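Labels run A, B, C, D, E and F following the written order; every chain starts at residue 1.
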Amino acid sequence: MNNLSDKAQILVEALPYIRAFFGKTIVIKYGGAAMTEKELKTQFAQDIVLMKYVGMSPVIVHGGGPQISGMMKRLGKEPKFVKGVRVTDAETMEIVEMVLGGTINKEIVTLINRHGGKGVGLTGKDGALIQAKPMKRGGEEMGQVGDVKAIDPQILRTLETGRFIPVISPVGADEEGRSYNINADLAAGKVASALSAEKLLILTDVPGILDDKGKLLPTLSRKEVQKLIKKGTISKGMLPKVEAALSAVEGGVRKAHIIDGRVPHALLLEIFTDRGVGTEIIA
Amino acid sequence: MNNLSDKAQILVEALPYIRAFFGKTIVIKYGGAAMTEKELKTQFAQDIVLMKYVGMSPVIVHGGGPQISGMMKRLGKEPKFVKGVRVTDAETMEIVEMVLGGTINKEIVTLINRHGGKGVGLTGKDGALIQAKPMKRGGEEMGQVGDVKAIDPQILRTLETGRFIPVISPVGADEEGRSYNINADLAAGKVASALSAEKLLILTDVPGILDDKGKLLPTLSRKEVQKLIKKGTISKGMLPKVEAALSAVEGGVRKAHIIDGRVPHALLLEIFTDRGVGTEIIA
Amino acid sequence: MNNLSDKAQILVEALPYIRAFFGKTIVIKYGGAAMTEKELKTQFAQDIVLMKYVGMSPVIVHGGGPQISGMMKRLGKEPKFVKGVRVTDAETMEIVEMVLGGTINKEIVTLINRHGGKGVGLTGKDGALIQAKPMKRGGEEMGQVGDVKAIDPQILRTLETGRFIPVISPVGADEEGRSYNINADLAAGKVASALSAEKLLILTDVPGILDDKGKLLPTLSRKEVQKLIKKGTISKGMLPKVEAALSAVEGGVRKAHIIDGRVPHALLLEIFTDRGVGTEIIA
Amino acid sequence: MNNLSDKAQILVEALPYIRAFFGKTIVIKYGGAAMTEKELKTQFAQDIVLMKYVGMSPVIVHGGGPQISGMMKRLGKEPKFVKGVRVTDAETMEIVEMVLGGTINKEIVTLINRHGGKGVGLTGKDGALIQAKPMKRGGEEMGQVGDVKAIDPQILRTLETGRFIPVISPVGADEEGRSYNINADLAAGKVASALSAEKLLILTDVPGILDDKGKLLPTLSRKEVQKLIKKGTISKGMLPKVEAALSAVEGGVRKAHIIDGRVPHALLLEIFTDRGVGTEIIA
Amino acid sequence: MNNLSDKAQILVEALPYIRAFFGKTIVIKYGGAAMTEKELKTQFAQDIVLMKYVGMSPVIVHGGGPQISGMMKRLGKEPKFVKGVRVTDAETMEIVEMVLGGTINKEIVTLINRHGGKGVGLTGKDGALIQAKPMKRGGEEMGQVGDVKAIDPQILRTLETGRFIPVISPVGADEEGRSYNINADLAAGKVASALSAEKLLILTDVPGILDDKGKLLPTLSRKEVQKLIKKGTISKGMLPKVEAALSAVEGGVRKAHIIDGRVPHALLLEIFTDRGVGTEIIA
Amino acid sequence: MNNLSDKAQILVEALPYIRAFFGKTIVIKYGGAAMTEKELKTQFAQDIVLMKYVGMSPVIVHGGGPQISGMMKRLGKEPKFVKGVRVTDAETMEIVEMVLGGTINKEIVTLINRHGGKGVGLTGKDGALIQAKPMKRGGEEMGQVGDVKAIDPQILRTLETGRFIPVISPVGADEEGRSYNINADLAAGKVASALSAEKLLILTDVPGILDDKGKLLPTLSRKEVQKLIKKGTISKGMLPKVEAALSAVEGGVRKAHIIDGRVPHALLLEIFTDRGVGTEIIA
């Protein structure tokens, strides 16, 4: 009986967190190990569905770089990157859309459905959710790499009334209908701002933001983050995530977290316990 | 980190139960040790508020025999019982109403409020919730001991729209406005039927229904319960609880449970785990 | 037929008042003879239910000093007052709650129900309606005498959607759940402000506010009232009522009336005729 | 004060009637002296507006025979009747529509508005409320005398949501848009049925249905009425009213009343007192 | 098949206009040839019903000068005009109301109903839509010629919820219930302002506003219109229409159009094509 | 002006059809030339958006056989068919999902968005819209070819409240989350039944169902269709379309149409004119 009683205790300890986040929107950037390892995928889906049932509104934005590169190779096309950004010619764009919107998005939807949620997959084209424009940095040779011009959250609000969980592929179109490949961290940050989300949770494969000596920095203000960027403490791979987090917090999101997606149930631990699992960035 | 991960695991294990009971009404007969011991009171309030937040509609019906007897003695009046039922003359009735509706009811409301819920105390008079009539068994000499003539659940439905948790004292009035003292188990059973509740949970100070050898009977059908009553296996003290459970199940409640309120977080264990903590009576 | 025609005429004369108060909230402080004499009690209930049916939203706040003192004596405890305020030690507080919330409140609810309304009794604890704090004047030795820290009117709004008539006992709790005995006039004034009521009607056992020569003053501005207080024209017994009226008017209530509850159907006469039955205090 | 107290008493005596008719639809056939004498007109408007404010839904259907004949004469046209029914050639039809819909209807609307209601005038053409067909009895030579083919109550329901009081001229159109002059009693009966009204009140200039000796018959069953018709006790002038009453009661209206519109406030007396003012016909 | 394909093409060309006016209110002043010639009447009704079905909210205000004069003559009364305004003594007023509200209004309602719409006729008295006051210009001798004191659009909003098409006769009442004859152009302009309409369309029997040489001026700003008035370019007959258009545009209506009602389907052409059929006046 | 007037005439001729289909659901199976030729694609999008604006609820189900085969070849995999059905091993299934859900679906969404609609792309996985099961005919060697087990239309209803146009790829999942390739005609028929659609429109590249002599059969009853199937008059290519049409009509859809998608604006012609453009199958 002891064991059962412990269980009850743990459920009860979640109560203050459930109350605090009741009715709040939580945007999750999904990627890395949590999206590829079987065990972690299952746990991710459980966490998302639980969040939904206890009254939160989770919204998922996912990436899919490795899968895109894989399909390119199968089609005999060599992936090319400039400063970490994929050069996206028309053929690459087609592959990006197929892999993100056709394969990965629907896999996540199915994963959620199998754990009792009702996922609905979207790209930025559906309901004109993400209006895109060409990314300025990099110039013409980058091809259809896009930036977010505007977010129209109506489709997300509509899905919420039906108790659905939106799963978003970061592809957008401009007014002429031309497709753009958008960085998933960037898209997640903009969606979080547009929804005035309570939190943006970015799943990574590192413990969080580390200082020069490799020690985890659990809480950082915007100013502190900017200093770390200047000092070069933040690695290139981490930079887009940190920038998305900053842009979200500047856009009205209360907190952005860079968390370790390799930790089992990382989302639940972040939401339901005092000890976070990574770095939180606050206004 | 191991420990945190265990916590997450336990939260996730609650998910199938949360899904199963989402939007369902659970009527709880509150009494015994769970209503007098400090630790158990706190745990009861936590359990109720958690149930509310994860989407259930808990409705509480409470008793208060010992406190009524205590106040009677303070007022120089000796409590009298016939076959376990309190003889209720006019003065006793006044004390019953004061103690149940004025003291105990508001204590429970405050307990719930302090743990983050919004309790609202009612007697059967409020919103004409319980229309009473004289109890037939026992006759005139029992005084104002009442039976339930009808339940008008409108006030309970109205409170639910405002996310309030109703707490009910088992006192009713007849058409002339005369007050009646109603057994709390009986009232709970009738309220559960009127609400077509998913479950009626009766908190007791015993492990459940026991067989002749004192072994817990975890699941009983209505027929089996009736056999046990005939055989005299069920003790006199347990009888009103068992009858309330039977009447609820006959009135459309899916399951009635007689559970051990001395177990910490007995409600949560009953709702959120496969191993119940007492006896369930099913149709 | 003449007689019938007169009846019709009187109904029709009520029309302008019905139109003027349609959809408006009227807070009534109930006490004195109107709460103790049988005839007057019936008339009070009829008036309240009629107000509800013709489209107003009556909200009742009641006192109960004599009944509390009566129960204290039955329990062998001598009531003690300092400057007209009951010294409220823990045992007294318990008696206050029992008598107000358990006895008087439910009597009023039953009275209303018997005349065709749907009363619902509340104390300030239910739905956390009245958040209390210790009263400053008087100091520690006064015990649990409380002031109003805040009113949360959500429970009153919720009951209104269900066409219920709220009946409030002036007992509140602080954040730790400690109970407080609050003056009923004070509570009524605060509830009226919180609801932006059209009127606060305070039932008394006097004709209204009188001048030095004992003549009724039918209408007074806030300034005039303050002058009368300074001059000492207002008696000690009347002072809390006048202060509650002033606080209501300062808090946004359009008019506060101190009326003679000994007059049959005093409420209806106040609402439905040009000739009021007491003193009105206006902004 | 005595006098005021009497007033209050009368208001309170209305309460059971207000409760009984709360939310109910009352269809009133308006005509006769109540529509021509100044005093009675004012009283009619007061009664209707009062009914609306205390929660009923009054719907008015009016006639206008004398005014139509008056206008015909002014236009040099002699009114012609066959068995009490106006022969309605095209020119007469035009006059009927002008006088009913243009003059009388708007006079009633203005009367109601001036007493605090919000009247909205309709003919059977508005919102296709009354779909008409030629009256069978009488044949071709009667011209555009119509019967009711169907009632579409949607416009009445819509006006009710806006708290408007509908005032209906008994003119309808067939599918080709051809106008028909419909007997107002007939139209009122059909409208009452279509709305499942609680009551149909037909205002006349007689005390009600009288027996052979001229004594008022206060209550009649459908069967009794049919006997009286067979026996010839019911006068020709009264016949259409009695038939409308019968058809309403057969169509689901609870009671139909033929009342004396010359009595001041006849409507209020009928609704708000036990002693009706005419004859009631019940199922 | 070619022909069918052209048809489809034309439907598709309407799409941008349907999108632009979806959910918008369009007030139409109906009069002139479009109200008298059979063919044009049918086309008007078709246009209005189509507008309703594709998501606009048309509101019609009609005149009826010639018909009023006709009826006056039939009643042996000579119409009299001062500066183009009908002198309106009491008898004339009665005729105005009969003809506008009783005859013309219901004709238009029937016309709309026969083409699949649900018309509801109103005068300014219904729902107290138009509160009138005596027209200043002209003085006493003009009789009951009125100006608009206020518009209460609630009845129009209520009818819209039921998908009805309001048809308004320009007759209003003052607070004492006295009737006023209001210029239909003036009334249409005020109704359009009160509804914040997208467009006011005034049907006339001329091609639009012409310059000195008789050439149509397709678009005019408010300033340009005022210059034309000063210069005397605008004819007396056109002046009230131009003033109504100006007042609408000043009152918040986006565009007012003076269009040629003799053109078949003038309304549709104005709404659904780039080439308007008259003069538009813009802010 | 003549030309404009013709335009108006055509718009007005659409009115009876707009009225007839107002608020009705129309399911469109999109494929063939209408999905590949630029001009026809634009016209399709215009037609769909117009249907939405005039009050219908179009729902699109699309195929994509040629594009799937194209991508298979690019990936070095030879498409294989048995009796016209694609053999779907795991790798093929992945390609099917990528091409349908990632490429074609989003192309159609973008097309609709560019013409003023708000498309939202779905596969049968989103919101668990299509629950699939293995197709019986053909057996194991067909791989993941699926049949429809159930349709959950909630996601379609939810999107309708937001005025979105659903675009569905015919891919479903079973309870274990395994994907199935479903014939688009079949899926469209089942979706139409689940929505109790007014019409199912199947776009083909033939004029409709032809008799033995190649003459178009404009209207066929279910019985007649079954006879034609038995006789072998219906070609193999046409068979799945005819079966989908039959299943829809048997499932409660009022009419199913096999129409010639090569005709410009085929959808509008079918909906808005009396002369259909193919074969209609009726109950």
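Keep this in mind: a contact is a pair of C-beta atoms (placed from the backbone, for glycine too) under 8 Å apart; a residue touches a chain by one contact, two chains touch by 3 or more.
Values in this document were obtained by computation on a predicted structure and should not be read as measured data.
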item: Shared interface partners, meaning chains that touch chain B and chain E; value: none
item: Chains contacting each of chain B and chain F, listed by label; value: A
item: Chain of greatest Cα-centre distance to chain A; value: D
item: Chain separated most widely from chain E, comparing mean CA positions; value: B
item: Interface residue overlap between copies chain B and chain C, same or different (over half shared); value: same
item: Euclidean distance of C-alpha centroids - chain A vs chain B, Å; value: 46
item: Length of the line joining the C-alpha centres of chain A and chain D, rounded to whole Å; value: 68
item: Sequence positions of chain D contacting 2 or more other chains; value: none
item: Graph class of chain-chain contacts, one of line, ring, star, complete, other; value: ring
item: Ordered ring members, chain C first, chain D second; value: C, D, E, F, A, B
item: Contacting residues of chain F [partner chain E, same complex]; value: 1, 4-16, 18-19, 22, 43, 46-47, 49-50, 53-55, 115-116, 263-265, 268-269, 272-273, 275, 277
item: Complex interface listing, chain A residues touching chain F; value: 71, 74-75, 94, 97-103, 105-106, 109-111, 113-114, 118-123, 125-128, 154-155, 157-159, 161-162, 164, 171, 173, 175-177, 179
